[in-house]
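So that you can tell them apart, the chains are marked A, B and C in the order they are listed, and the count of residues begins at 1 in each.
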């Protein structure tokens, strides 16, 4: 009992220490412990410029050959409803209210520097490309949709209506077009440069320059510079007008500002790095427990045998003494009968004892 | 020898000048006033109508080198602002430089003269009056509808031209005046005389007129899906000028004939014949210059930026066909359009 | 001993399917559920996932993962729990509980894989994870461990069908001998794999910090899942035993029945300890993560219901039941504990997931999803009955008496 308790404590301590040491090891990295492509491209989405014309949606639909939507792209009233990206709409523009004024924000895959979807995929369908895009290869997709659980931006959609080849779909950053030297469809369609395309490092400088040149216009934060380990697509929000409203500029735009500045996938690496420890430690632990149990059983058995032997010897000596006395007083034949009867009785008792021991 | 002779000649001259100055001072003290000062309208408060604000500092300024002083027209400000405490935030009608000097003083809580005049967002005072600086108050003025359109696009340029709008006094100011002013020792009569002279010497700028520009401009460089836009250049310039024609603030700060033009025709030297937009803004997106909007975006940013700033209700930003008519569908299919 | 009333298949009469053709209510319900499930299966695989489920882009994992996978794997934890207790810890009096527990564990895991096929977009590509191993994914670890553990469980379980068929196919005896020889290795391998994937099922949700409510999200969620799987393991042995005593009582031999009550009390005692520990670590985690303010909200109330109503309460009933040797109390506690585990898995996967989204975007499983989950459970029960009717699970085979 005591030993078991000890082992239980030891076991849970093993899990805990594995988790915590792994986390510390991960947290002590530099600024970019994950693969980071210096010259990758990105997009700066300036929501103070966006007019909500849905041209980007139309451009995306056109260059990617997506199905025609029920309502035409010229119908701007759809921006009023809260829409999200899906397998057939890789980007959507929604209207939000900031300081009582309408602000539009385009939603699409953020193309993280170290994407959660790629970390979550167990068939390696997602890949961060050197050009900045996060691409998806559906040919090896199992359709488990863990990527959709993992994505903090709710970007990927799944073709639930397809029976034969349902795939996860999301904005590709028009990677096939970029390979041909063309720009993404939405960027080309934007009439007002609310989507600025360029190298990610340049875009951060541009964003800061815009804030500097337009005091009071922007919230002092580039969404995506560090969020979730940094994203290729970044968002600028209008500044809060009154001091009371400050701090919610991005939440007002439906953006989560509590994602932290480490890649989301890293949250699981602590648990994953405990795997080798458990694989190495558990067999030893339980093997040890088994060995102890075996040894305990063997010792118990030996003890019992010793006791039985001693008892047997005592009984044998007593029987011999009794028989000798019978022989002396009543003759040989009586002694033989008595010896046989006693031997039978002992045998029967032994058998009964053995049975009881077995049952115990 | 030569030196002595010179000295002998110079000393009476200096004495003469000093007497003359003393006389002037005495005369003004009696309330007679000098000729130029008298020509300015008097203020209700009794404060001087205009004064020169010198960069007053405690440190000995032997060289006389200093930031250019500023002319402050107390009269027009007093007329516009009802509450004197907006600027005289302590409640005492004293000169700014009595507390705020170049280096700062304990009385002014070490807020330097530069900050007192230029702070764009003075920290809110927990108890008492939150003071305004020149810049903070003037920035507030830019929110006015007639200003907001252009000034949503125009950014402060930290160059001589920009500073000159305020740091500009009469060229008759002497080195000695500056020296004494910076030491806080210039007599107020001389100060007011200089201010009046500066103010009177200012001439109205003759702005370029709407007719100096084209009547209409056909913007067709990026026409693709839509017909080219016909921009009513003259109507727009006319409308802008009409709104601010009696605005003294605008007049004071729009210091060149081309000031108004330079809002749209930005980033090039002031000229009545500015370069084409396409000189800088390429019709195609250039990932090499992500900071520079492509031509179509540049137009839209300028037009919509100004319209939004001036709260021009129409056209809606998304109402494309108000400015450029839709092209027939077959021609829209042709790639390239009218490039 | 008293084997005369148990139907033991012989060499000439291998099958004993008479039980299925009896016109009992249970059989009728089973037939209806299986028929509906079959139709739904056809619809699911010809019309797509969207045709039978309410799954959406915001809620890609619903009933099938939340119940069939998370609960299925967790409730099948009885396998490792009992084998470790019996073989590693040397509690030989649990011996008659090992086979039923291994059988249900094997069926549980087997049908988890079956249920997974409904949920996967490309079920046939399931082995792709071995060809394109995404080693950074928790799901890869889960998949690898479950695949290996199903194999281990199959080997552990295979002794029963071997004994059933040995009379007809004597070569199976060799396999049986091999399995018996490696029993302890399999057990230790099994508990290692179980520790890994039971905790990893929780670790799956580590990647969604913004989506899972803070009261349920914790960096220690893998540990919570592992500890609660022990609760589920022990409770399920009691829970299943309860039903087995009702339904297949006549397939139990004297040893099994004699040991059954003692097993319940031992497990009840162990469970009450584990559940107290679980309650404490959850409570401490909640305090350490500074989640106290969340308690004063709807979700906070729900969390308290889970923790007090479905963890602390059954722990107390278990303790009381084990102390007073009250079998019905222990069974009641087992039912509540199992319900609590299901509730916890539902909370993590569905109820507290996407908590920040407006109610219009929240997920409620469709009736057909629930039907398919019921279909899977019914298949498990049916398979269990088939095994019990044919194989020496609840009794010792007379040919192999005392051999295991």
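Note that in this section contacts are C-beta pairs under 8 Å (C-beta built on N, C-alpha and C of every residue); 3 or more make two chains touch, one makes a residue touch a chain.
On a predicted model such as this, the values are computed, not experimentally measured, just so you know.
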Computed over C-alpha atoms, the centroid farthest from that of subunit C is that of chain B
Specify the chain with the shortest distance from its C-alpha centroid to the centroid of every protein C-alpha atom present. A
Just list the two chains that share the greatest number of C-beta contact pairs. A-C
Cα centre of subunit A to Cα centre of subunit B, whole Å, reads 59
How many Å are there between the centre of subunit B and the centre of subunit C, using C-alpha atoms for each centre? 78
Between subunit A and subunit C, centroid-to-centroid distance (C-alpha), Å: 22
Which subunit C residues sit where two or more other chains touch them? none
In subunit B, residues with contacts to at least two other chains: none
Counting only residues that touch at least 2 other chains, which ones in subunit A make the list? none
Residue numbers on subunit A that touch subunit B, as the complex places them: 41, 44, 49, 51-53, 76, 183, 187-188, 190-193, 196-199, 202-203, 206, 209, 213-215
Can you tell me which positions in subunit B touch subunit A when the two form their complex? 120, 155, 285, 287, 290-291, 293-294, 296-298, 300-301, 304, 317-318, 320
Subunit A-facing residues of subunit C, complex: 45-51, 53, 55-58, 60-61, 84, 87-90, 119-123, 125-126, 128-129, 131-134, 136-141, 143, 184, 187-189, 191-192, 195-196, 199-200, 203-211, 219-220, 222-223, 226-227, 358, 361
As the complex stands, subunit A meets subunit C at residues 4, 12, 15-16, 19, 23, 82, 84-87, 116, 118-125, 140-146, 148-150, 152, 154, 156-163, 165-168, 256, 258-260, 264-265, 267-272, 274-275, 278-279, 282-283, 286-287, 289-290, 293-294, 296-297
